Each structure stands twice: as structure tokens, then as C-alpha cells.
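Note that the chains take the letters A, B, C and D in the order they are written out, and that residue 1 is the start of every chain.
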């Protein structure tokens, strides 16, 4: 059951990713990515990360991707603008090989890591309250920094988006 | 381990809540039509009938369904076919998913089994709803873009911007609720609203979070693209917005999606600010303790009400007859409805009479009575809010786009922050 | 002793205060309040003097072996085995020097207040002067050689600053540079000598540069020290030559007269230039181990003495005469310490400080009175106008000439007697050195009185303008003169030899230092035979087992001095003056008047080749060619690399990401491996 | 039984799919999306480690931070992109070579 879900979601995630990098139309790519992100959200849920699962849907699928799609639509690219100059086969082969090698290497590295907590997680693992408590106790400084970064981003975006600077 | 009974129960619950939402659909449409007619001082739809039964135009919905099903589903050239076809489905499905976390009654204890009256008792249920509704925008955006129509695109863009903008005050208004009830779990929130404030006022979100409630309701209107925020489909500006190219059942899906969204928004408003399934002044324990009386009152009032309605119907039928009538089966409608309600009322009074001689209810019976009472409470509140949606639509004019954005960003978001701040201050002062 | 630190730091505070005042008034129209500045400067110096006197009184009360005060302020250098404290250490020898430095220094401070009146750099001058006091006192009180070197360099710096005090005149600045550069040659040798000592102590497992510890080490391990003593001593002596203006590094001192006269009196006569003598006396235990080095010191000293005296014959500038006289007298002191008569050397240092300071200040008074005229041939008959100056100058001149019973007589004769009895080099060497010393004494009498007669007697050559302003100096200047002249009379009686019925107080005072007594520990027990060479000379000078001979020698020296005076009188008062002598001597006079062309010799032999090497080899070949070539080569290489690397910067983001990926892959590879 | 390794391998694969997108595609929008995919792959490892490695929720916090930063990044990146498009009417990464010299 669990394995079936995992492989289903993993396949969807990988398929979405592959589609995203391969389709020509960025909007199609964006929807492929949404598929991938939603599958990942499912995986998060499988990992008992309830809060992160919701955030994944809320923030990634619901906000970031909407923003990207919104931009795609806003730019309203014409066909010829969407067309990318053809990329050489050599480059494709080289990049793909390198990435494959990298993935293989990363898998090798990950393979050496031993899990040490395979037991069922404790009560309330991954819920909003637990994450929130951790975030505002042990991680409060990073938390504040992140909030500052977001503020800076907001100001930066507003400035950038103004027609006349 | 999840065994089959659990699955069955979950399935049953899903069927129930979806059934509830979808049943409300025709009711809403009927509300809309009749409400519009009422406000515009006209009759509204009243022709469609089955064997003469019109149910004050309710049957008109069936005619609509038949019409939409029979219509040709046009796919214009130059559209992105895949997205064009997916788009309506997306909007509808996501909204239905969100109902999974809406609680409609207190937890039911039957045979040692605790059944929560919501499909998924998520720890952060409110956020789940937010997440799912934020996905809702894809349907609109996709429809707008794939239609390859400038009005549709403009509608999609407007819709996206509007929904993203109003999600922020929506979420921020919720923070106050989280703070007051100390949870993001909808059932907990509702349970928290069962207490009394100052001894006489139900501790509803409306009373502890008045500003938050106002903000939330406003933002919910915007999220559902309802008037006065229905810019995406503003017919006087961009024809019909994102669904201008749609027809037939696809168009119907958008339409239904909008109404389901209204139901969801109403359910949310009810759950968060109007006590959800709580019957005012009667928390669950109290209802269970006095389940006998509740049963008697419900049956008695129901029976008498049904008889009174039947009398009204019969009286109306007689007036029709005196006035000459339509000359077809429609003339018989009052008699049919009256007779039917006499039967219903009689049955209820019969059961009422039976309960008088019956001993105290068994535990499960009492609990069931409580659940029924709570479901009724929830349903009534939700329907009331649905009606408010209709009411507002036909009462208020539409915003201009820049006014919409200014309201969202410059007034509602700061007010939401003020709300959080005040809530925090008050909580500090009251020391919880 | 807790008061020790006050002695050097009081002048330092004074220097800082006056320095701030000078800075504050640097850009202003008017100078600062001179009274205040003088009060700070003189006050600091007098305060030090008061502390020194207090300490002296305390020290006198102690037993001779225990006459040591010590204070460590903080650890200055701590590197590996080296630990150098900023430590002050005063024994009998240092105490004599302290009295001289602070006492005469204070007098000259006071004198300066009058002499420098109205100068723009009044505060700056006092700041430098106080700073000099600090450096000199640090030098004198230093417990270890590095600290001594700090003082050594500090006085060099102040000397440079003060020689070039009127830096707007290019010649003055050049003189300052000359003094500094010549001193550096000596300093280099001094450092080398110090390193030799350090390496030796390191080899002995007790790395130190503390003088008392070194002294102890030298006594215990005198074999180890004897092997390096000669080299180290000669190197240190080269350093002393630089500081104390001995052949061949004396050339800076006459030029140093470019500074204000009080500076010449204090730094270039009474105190700083004697640092070399002091240093050798301080390291006497080392020189005792190296008789050959002692001989070198003595020979150089004698040669310098007579050579400088010769030049002194033909100088026209009154301060130059005194400068060469100083060089000559310093030669005397080196002669004494070279033969191991350290006490005699220090005694002469003491007396010399008084009468030479008095002479310089007197000369300064004359110059002041004549509005800056320094040429003796434009003076004369000044005794009528400047009585006090004349009298004090006369007394000091008699003292330097060695007329009984003034200070110079006792100290000079003690040196001559010690040399006569010394056991350095071959048999004939002490006799030769003695003869040179005697001749020099006569020459000293001659050239000093030449100056006296030309200035105060003889023909009146004062120009009309100068005569108009001619006046005796104010009391603030004359009082120090009187005090110093009195000192020139009295100080000699500290060292009346036994032959004349005295008890030679200064010798007894210094006995613990030079006879191996340190801090109450008798280290002289088991001295090596070599160590005793100095002690023998000393003993010969003090015990006076040959009183008759000593009396005879005294008589001879007094006669020679008197002859010199009479000759001067004959030539410059009664005779035709300089012209007659010039005519009679002709080319020899020219030679002497031009200082034997030593400066020109140096110019051609060292400076010009130095310039040539610097320009032709160092600048054109090494600097422009090799070093700049390397630097430019680096630049060109970097630019070439840059040009190559620029090819990688395509501006295409993906390319950069590509390189990042490759780097990441390498990381993964490292992890997997 | 699905364990830590399954998630980590999936994470590695997704990460390099994203890397491939960054390297291979020229459309800035796609590059931006590929970066998001890479971030998500990393998030997956965080969560997996949190579940199977430390059994604490620190990984969740890290994932939260990544999401917040991703939001900031997306906002800024898209704003820049819109500006670029306004000025140069192209979203091709290879056309943005002003930094070359």
C-alpha cells in the first residue's frame, strides 16, 4: 500500500519534472511542475509532515506557481518568442550525461547514509504546533532573518515593478 | 490499521458532505433566481413543471440541466485543446476537495467507535482549505489563457490577481481565530465556540473577532468572485471574462464551481464565525442529556409546521381554483403539495405521540438526536450565508479594478494586521 | 624601588604635554605662552633631578654591595625563549650618569628658556628636549640591552630632531641626516654585538640580554664568553664610535653644531655622546675578557683625541672648536675605558660634562649676545661687555686645560696615570698612548685658550651692528653658567688621588660596579686572570704605590698645559694673531683648517661610490630591472591569465551554471571516493 | 518497505532533473521553474531526514525556510524578468550577455 503510493507519487513527480524541462511551452511546463509539486506534497504527507504538506500546496502550488503562470500570461509571449533557438545535440548529450553522473554520484553518497529512526514517529510529529514551537524557539533567529528577507523582497519587487524608477 | 468499516465510514462521510454541497447547488440557483426576482420585484422562473409541480420555480433547474446537457460543447479553433478541456474540471474538483475538512457535527460515539463528523480531521484544517482554494485559481487562469481570447485572458488575469491579493487578508483574518481558539483544527475551533461569553453570549467568532469576521467575509466574497468583486466576469466590461468561449456542460461546470465555492465560503464563515454545528446555548452534552425533549420538540414542531404548510398550500390551491387557474396540471400543484405535507406532518405527529409513551432514549439514540440537531443547525446557518451571498450580489454595485486592489492591499491587509495586534493585546490583558 | 619609573616618565609626560601644545599652536599666528611651556619642560626635568637626588641619598645609606635599585614595569617582548622586560635598574654607575643627565640637563633646560626666547618652535624645542631626557634616562637605567638600545635609538632620534630643529635651513636638515645616517652604521654593529651576546647566552641555556644576568653568566662561564668577547666587544665599540663620535665615525658631531647651542651643550657634549663610554663601562665585565678589544678601544680613543685636537687648532667657528674639543675629550674617555680604567673614564665623563656644558653655554651666551655671530675672528674684547660669561668661560677653559686644582686636572691626570700603568698590548703601547695623551692635553690647552683669547681678549673685531646690540645674557642664562662653572671647580675634588692626599671618593663609589660586586654578591671570587687586567690598572691608579712617579707625571701635564696656554697667549693676544701663524705654516694650516679633508675623503670614498652603486646598480639594474621586472611580470602574467580566463566569461548564465555543476560533481566525487 | 533511501534517491533524481533544466533550457521562466524543482528536491531530503534520520522536526523548519526564501526568490526573479522583458522584449537567457565585458 505504502510502496504503491510512493511509487505512484514518485513516478508522477519525476514525470512532471521531466516534462517541465522538456516541453517547449513554458505554460505546459509550469503545469507539469505543478503536478510534480503536488506529488511531492503527497510524499510529504506520507512522511508525516502534515504542516509542510499543506504549506507545499499553499505556498508552492497556490502562490509561487500562480505567480509564475501569471507572469507567463502577463508577458503573453508570441509563438516566435516562445521558440528557443535549437540546442545542439552535443550540448544535450553532455548536459544529460553530466546530470546523470551527478544523480548517480548523489545516490552513491546517499546510499551510505544509514537511517536511525525507522520507528513510527511520535504523537503530533509534523503538525503545525510542533513545527511552530520549534521555529519560534530553536530557530527563532533564522526565522526573523527569513522574515526580514521577505520584507526586503517585497520592497524590492515593488521597486522593480515600478515603470519609472 | 484502517479496516473496511473505517473506509466505509469515511466513504459515507464523503458522500454525505458532497451530497450536501451538491444538493445545495440547485437550491442556490433557485435562490439566485428567485432572490433576483424578489429584489427586482418580478416573478422569476415559474413555468417549468413536472406533472404540474413547479415548487415555486425549483423545477426550472432540471430544465436547465437538460438544456446544458443537450447543448453542443463548442471548442473554438486556436485554443489550447488540452487546457481548454481541463480547466473547468479543475475549478470544480478542487473546491469539492476542500469540503473534506468541514465539520458538520460533534464527534459521534457509536459502539466504542469515535466518528468525527468530517472527512479528514486534519491538524491544520483551515490551512488545508486555504491551500485547496488557492489551487482553485488554476481553473480560471487556465480557462482564460487557453481560450485564446483577449477578454478571456483579461478575465483570467484579473481573477488571478484578485484571488492572490485577497488570499492574504483572508489568511491574516484567520490568524485572529487561531489565536482566540488556540488551534487551526476546524473541529476544535467549533468546539471552542460552544462556550458562553459573559454568561449570555455564545462565544462565536463573530463576537470575539468582529473585525476579523468582517474582513474574512469580505475576502471570501472576493475569493468566490462574487459581487461586488466579480470583476473577472464583469459582463459589461469583458463580456463574460474567462468563460466567454465555453458552452454547454463545460460552462455549467464553471457555473457549478462558482456555486460550490459559495457553499464552501458559507460553510467556512459558519464554521469559523457563527458557531459551526453548535446549537446556541446548547452544547453537545446538554443536547444529549435532554435528547428526549429535543426529539419531541423536533417532531412536534416539524409536524405542526408541515400541517400548517399543507394548510397554506390547500388554501392557495383553492384561491387558484377560484381565480380560474392555468387550465392544466399546474392547478393541482397546491393540492398535491398540501396532501403530501399532510402525510408528512401526520407521520411526524404520530411519532411525536409515540415518543410520549416511550421510555428514555438509548445512548446512541440520544447522540444521534444531537447530531441531527447539530447538522440542522449547521445547514441552516450555511444556507443563511448562501442567501446572504445572493442578497449582496443583487444589492451592491461592482467595484472598479483599481478600487478593488486598493481595498485589498491598502485597507484590508493593514486592518488584518491591526486585528491581529488588538487580539494579541486583548489576550495578554485577559491573560487567556 | 618604586620611584624609579618616575625618573624617565616625568620628562616623557612633559614631552607629550609640550608636544600637544606645539601641535595646537602649529598653525596659529602666535606661539604658546613661553612661561608655561618652560615651566612644564624645566619642571619635568627638575622633578626627575629631585627624584634622582632622593634616590642618591637613599643609595648612599646602603652598603656598597647592596647599592642596586630595580623596577620592572611590564614584559615588553615575549617570544619563545626570549623575555625582555621593560625594566629599570640603577647601580652606582647608573646613579652617576643619572645625576649628570638630570642635573646638567635641568640646568640646560633653564638656560634654554632664556636662549630660545621668542623662537617660533619654543614648545617644540622643549618637547624634544624632554623627549631626549626620557630616552637618555631609559638608556642609562636600562636593565637589558634591548631597552638600552631603545634609549640609544631614542637619543639618536632626538639628536636628529634637534640638530635639524631649524629645519627650514637646508644645511641644518642635512646635518641632522648626516648624524642619523652615520649613527646607523654604528647601530648596525651594536645590534650585531648584541646578537652575539644573545646567541652565547642561548647556548649556555639561559637566553637573556639582562646586563646583570649576562654579567653573572660571564663570570661563571668565562670560557664561553671569552671566545666571542673580542668580536662582540669590537662590534659594540663600533656602535659606541658612532654614538660617541670616534674615528672613523666622528664626522657628524661637528656638523651637529647646526642645532641650537643648548642642544650642543646637552646632547653633543654632556650626555648623549658619552653614551658609548657609559655602555663600555656598563659592559666592563665583557671588555675585561677581551684585552685585544680594549687595546683597540684605547688606540682609537688616543688617535681620536689627538686628531680632533689638531683640527681644533684651525677652526674659526667657536662652536666647531668646542665640538672638536668634545671629540677629543671623548677620545680621552675611550682611552681610559680601553685600558680598563673605567672609573677614570667615568670620572672624566663627569667633569667633562660640567666644563664642556659650561663652555658651550658660554659660547651660546656669546652668540646670543652677538645676535648669532659664531666666527671667533669677528669677536674680541668681549670680557668688558659680558663679565659673567667671560669668567665662567675662563674657569671652564682652565678646567679643560687641566690646571690644578680644577676638575679637568684630576680626571685627566688620572687617565694619564692609568694609561701609563696599563698593561695593554706590547710593552711600548702604554707609553705611546701616554705620550699622545700628554701632547693632546697641551693641544687642548692651546686651542681652548685660542678660543678664549680670540673671543674675550685680543683685538676687537666685532662688527658695528653687532656691537650695537651687544649685551650680557639674562640671569636665566647666566645662573646655569655660574652653577656649571662652580661645578667645574668643585667636581674634581670627588676624585683627588691618594697621591695628593685625597681618598678618591668617586672610585670608591664605583668600586662595586667595576670590581665584580653586584647586588651584594661577590662575583669576583674566582675571576679569570683576563678579568683582572682592568682591575690591575685600576688598582695601580688608586693604590698609588708609586706616588713619586705619579706626582712627576702630574707636574709634566700641568707644565704642558701651561705651555699651551702661554703659546696661545703669545700668538693671539700679543702676537699678530692668526695671520702670522697661517703664513708660517702654510699648507699644513690649510690642511688642518679643512679638517684633513676627511669629509671630502668620505664624500669621494664612500658617499659618491654609494650613490653610484645606489643609482647605477641598485636603482637601474636591481630595482628597475629585476624587482620592477618581477612586479611587472606578475602584472603581465595576471593580465595574460585574465585574458585567458575572460574567454570563460561568456555572459551566458547557463555556462556559469555549468561550471557550478562541474564543481559540484567534483565534490560528489570526493565524497564518494 | 519504503525507507529513507527511497526518498533520498528520488530527491537526487529530481534535483538533477532540475539541474538539467537550468543548464539546458534557455527560457528564463523555465530556468526559474527548474530552480524551484531543485529547491523542492532538497526539501524532500530535509523532510525525509527529519522523519527517518533525527526524528525531530528541524527538517520541517528548514523546509519552511526554504519555501519562504523560494517565495522571495520567485517574486524578485519574476519582477526582474518582467523588467527585462519590458526593456529587451526577450526572455532568452542567452540574450542576456551585458555582463560579458
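By our rule, a residue touches a chain if its C-beta (ideal position, glycine included) is under 8 Å from a C-beta of that chain, and two chains touch if they have at least 3 such contacts.
From a predicted model like this one, the values you see are computed outputs, not experimental measurements.
Asks: Closest chain to the protein's overall Cα mean, using per-chain Cα means, please.
Replies: The most central chain, going by mean C-alpha position, is D.
Asks: Return the distance between the CA-based centres of chain C and chain D, expressed in whole Å.
Replies: Taking the average C-alpha coordinate of chain C and of chain D, the gap between them is 78 Å.
Asks: Roughly how many whole angstrom separate the Cα centroids of chain B and chain D?
Replies: The separation of the two C-alpha centroids amounts to 39 Å.
Asks: With chain centres taken as the means of their Cα atoms, state the distance from chain A to chain C in Å.
Replies: Distance between chain centres: 82 Å.
Asks: Centroid of chain B to centroid of chain C, CA atoms only: how many Å?
Replies: Centres of chain B and chain C (C-alpha means) sit 107 Å apart.
Asks: Which residue numbers or ranges of chain A touch two or more of the other chains?
Replies: In chain A, 51, 55, 63, 67, 74, 95, 98-99, 102, 106 touch at least two other chains.
Asks: Please list all residues of chain B that touch 2 or more other chains.
Replies: In chain B, nothing touches at least two other chains.
Asks: Can you list the residues of chain C that touch 2 or more other chains?
Replies: Residue numbers touching two or more other chains: 658, 661.
Asks: Please categorise the chain-chain contact pattern as a line, ring, star, complete graph or other.
Replies: other
Asks: Show me the residue ranges of chain D that touch chain C in the complex, using the header's touch definition.
Replies: Interface residues on chain D, with respect to chain C: 19, 22-24, 26, 31, 93-94, 96-101.
Asks: Across the complex, what residues on chain C touch chain A?
Replies: Listed in rising order, the residues of chain C that touch chain A are 658, 661-662, 664-665, 668-669, 671-672.
Asks: What residues on chain D touch chain A, complex-wise?
Replies: Residues in contact with chain A: 1-21, 23-27, 29-30, 32-34, 36-37, 40, 43-44, 47-48, 50-58, 60-61, 63-65, 67-76, 78-83, 85-86, 89-92, 94.
Asks: So in the complex, which bits of chain B are touching chain A?
Replies: It comes out as residues 83, 122-124, 127-128, 130-132, 134-135, 137-138, 141-142, 144-145, 153, 156-157, 160-161, 164, 167, 184.
Asks: In their shared complex, at which residues does chain A touch chain C?
Replies: For chain A paired with chain C, touching residues are 95, 98-99, 101-102, 105-106, 108-109.
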